[in-house]
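The same chain A turns up in both complexes below, where it pairs with chain B and then with chain C.
Moving on to the complex of A and B:
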């Protein structure tokens, strides 16, 4: 990571100031959200300014923790997010390696179909998807919450591009040593792709953790709610006007695991945002 | 012999246990109860104290707690709480997936979309001991579609003007008894608004119009003034909407006149609107019946801008005859949600709710659905001004589907008038065009 040094050129300084300003602008709403989450709802009905001035309260957080279901919802979210992440990594890696390194009939056409799927919005397939899972009586199960998301076109694309960038000579040497294709994949290529795996894993986990729409229509029994659906269900009809502190506490609470994940894996997340996996 | 002696006390204990715990042998009947209104376990986790329950969530949670604790039929009501916004999308998904709740809450404005999927309830009421003759006229109209009753009405909610009496006093707009002068015509209203602005420098009306969740606010005002004129957006049948009737244009023009002269707040969201009224930003807040107790509580605080007085009135009739937008919460039995085993339990729970309708009105902030409760209801603070709403309130027509779609579209066009300077005619044209798409899927 590069750091700002004294004596840098004027352009560097200007760039530093601009980036710092942008960071402040970006982080201000988050600080505001956290600040509001410690304010009583009655106070926020009148004004949402003055987050640094008392009174403060922990009630918004204790209200969340008082719900007997909240840890169940968190567990559901964890199972779904981890399940989706693991399965996505397996499928995207295998598919990506297949597209990058093997020749088979219709490979390019299939790859185009995968790419085309990137352009299909989730809402366009929600009805047939829901109907299909209803036919198999799978709603309100982990299978329904995990499976529709594991065919992740972006993941296949990312892994394909990554595998293509790895020098084929390493594999050719292994082939000469009569290693099987799967062995080459498992022993040589997969370890080399760890940065991309981590990037894709984090991306998938965050997406799964924050997912709202599909769990909303698939997990309709409170015991199967994920954290996003469960927390939203706690909102009153006038939450946006009379329960703002509670609403903000929900946002902070739901975001905490993601924040912790970010602290541990920020290098990979940054590289994912910057260009799809460090090499 | 020794073995027999040893076993005898065990056998006696087992028999005694069975004898003294007959309830344990009786199976529990579970019914699912899909609703919004939020969850508030921290405040009302196991409370059965209805007298102290406040707010929709508080009363609803307490009612279910009370029923589960006191019913003698071993019925367990399991709430399935869903966020208000996507409630109907989820209900649709559940119906499609045959994961159907036993009882579900429904706005009567939505009922027209669901008649194929919910049970007709008139025959059920007799079985449950609920007397439909006690429905208020508004509640009856709300739950009746094509002459058949499809829901048990739970309340009436409507649209009011909430007054900052202090600002009205400063503007010289109080009558001899110290009550706000309520305008009777559009001109009178605009004159009052002008006077308010000149004397206090503040807008006459506060309204939230800036977000998708706020569009209903102005639409309810539009509907109320449209109904005052005897108008409808479907003057020639439900196949085609008409937003360019004189009545409709008049309604749009009221907002245009208010906006053009800065007599109405611009660009506020729901939170800003509520905070604005509580902070004395404007004189009148257009919002629902459910806010009365909040504003009364605020006005009781000495440092509140409402401390000089707060009152409320029915949405004013500026045209021919008093009418106002209303909607109702109601309870439906979705088809396929009950089984022979839990059907009786569902009816017992509905009857329990019916018997506690006043608790909902008192704590939840809505008008009761039962005519027999109106006298008692009118004794609650300021309710004498709103108690007649069920006699002249008008619900949205059931024969048109996607009523909430219409509501949002109208509200969006009025928001365009208020916030972006669109003219009333332009808004009516746009609404006309957009209504075609909304009706296409009827």
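Moving on to the complex of A and C:
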């Protein structure tokens, strides 16, 4: 009797080795960063190699906890990331449902405009955005940090496609069950789109948490810095000859919330990266 | 339950007319089946009654009141969809309760109605499950249950058996017929499967190209098809159609000659016949061996209790006839067939049946 064994072919083994190599190459800098974060700064001034050899220290982390600014920046990042995520989900869901299920004049043209926005690079609109927010005197506010990112064309596209994939018969059944349009959206369609919402939510949160460019332009007062800007502002030593361990500990610290998020929502992040909602 | 009346309905999708000037009355308590091939407009018609498809013209009345101006939820109809259309994130109980909650039914009444319907459909143990945890047949029952609890004035079924396997389909057919006997509600059932239509309907509405071809009881449609289309669509195997070469008179009834020279005497008065080309229609069970029409066996289909034999006449045309299951016959064998003229039909060039 023949049995089928996965990974028994040469191609599968070659693929496995290639993936393992890529994973090692990818993870090596992260391991290095984590390793350096536990090393005394004085040692790192001489060499940044040999992360496995003692001495080790927790001082870099205790220094972070002792610094008053880091937690404030982290809070700013959390407010901005959560705010962006919630608003993006609301806007993308409503717009996506509109595009997927309602028939209005100019729908297709409007959808093309949304898709075209995907091709507009962030850098191209940064000056007009800056001017606009300066005009309204909104820089250094949460509104300025959150609002420009919530009209997220990819989110609208994702939700539109997801809503389109939901059987129209389900909504028709709800119509016959005397549900209003909003009730159908709220009680039927929205709960069914949870996998897409989670995917989009994580994607938006990670993007917002790691965002550097717009907060750099908009947040000029240290108390409004997000974590990325705050950490960058501490790098006054351009030669990077001192305080490397502290810097690495900050990087690890900044990445912790994202790591926790990843552990909780691993399945959805993988499907988000794979380019579609997990059903 | 209520009478459904369709008055001069029409439906256009852009320039394409899919339903044209269609009128039909379905008496209260009837099990009407819309039967027709794919694309004949039967599902569109059902959706128009449900309010899911806007009308291009005409009116729909239910129990004497006009309903085509009302939204779907206010029409007093319940629909069972082809794909069941259960709410996947809700339990069976929540699925059944959703419509009742929307019309403000008190909680205890909702519970009672669900319990009654669940008992009737034998789905009580499934009430706390979600649709994904149910088999196709169970989902179907839940979809029917969701319709029953609303106590609609008319039930609409849109090919609800097409996703079930053959055994389950046959069982569900019987259960639906039983359900109709029990609740005596007006039911409209859409299908392209003539077996479903024949077994469940009190009246069949045969549709073709957006028009009604014939309305009648199952046996009426089978025995007295009004058009060639109905004759060919209803019945398995399809009715044999043979071109009539010449017509003569025999005691006032038409005797037709087939292209191979053989003749069949019908019970259709000669005076009723038009002068244009005619087609003889005869069902497989009305052809027996032992007559004077020579044919050669081409294909044998053994179905168990009966055998279908496809044979070529001398002019090359093929006819199919019925034999017993264990008949001894072989391909290439020459047989002599007899056509029962008393059960034969004649169709004019316009496709309409000619009656005396």
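Structural remarks
By our rule, the second predicted complex is superposed on the first by the 253 of 279 C-alpha atoms of A that agree within 3 Å, B and C clash if a C-alpha of one lies under 4 Å from a C-alpha of the other, contacts with A are read in each partner's own complex, and residues count from 1 in each chain.
The rule we apply is simple: a contact is a pair of C-beta atoms (placed from the backbone, for glycine too) under 8 Å apart; a residue touches a chain by one contact, two chains touch by 3 or more.
Keep in mind that this is a model prediction, so the values were computed, not measured.
When both complexes are overlaid on chain A, chain B and chain C end up sitting side by side without clashing. In the superposed model, the vertex angle chain B-chain A-chain C (Cα centres) comes to 160 degrees (nearest 10).
In the superposition on chain A, A:67 makes contact with chain B only, not with chain C. When the two complexes are overlaid, the chain among chain B and chain C that reaches more residues of chain A is B.
Of the two partner chains placed by the overlay, only chain B lies in contact with A:221; chain C stays clear of it. Of the two partner chains, chain B is the only one that A:133 touches; chain C does not reach it. When the two structures are aligned on the shared chain, A:169 is found in touch with chain C, with no touch to chain B. Look at A:54: by the touch rule set out above, it reaches neither chain B nor chain C.
Once both complexes are placed on a shared chain A, the shortest Cα to Cα gap between chain B and chain C comes to 49 Å. By the touch criterion stated above, chain B contacts chain A in their complex at residues 36-43, 45, 55-57, 79-84, 86, 89-90, 93-94, 96-99, 213, 269-271, 273-275, 278-279, 290, 294.
Note for the complex: chain A touches chain B at residues 44-48, 59, 62-63, 66-68, 130-131, 133-134, 139-140, 216-218, 220-222, 229, 232-244.
Residue ranges of chain C in contact with chain A, taken from their complex: 50-52, 71-74, 77-79, 81-83, 85-89, 98-99, 102-103, 146, 150. Residues of chain A touching chain C in their complex: 167, 169-170, 172-179, 183, 187-188, 191-192.
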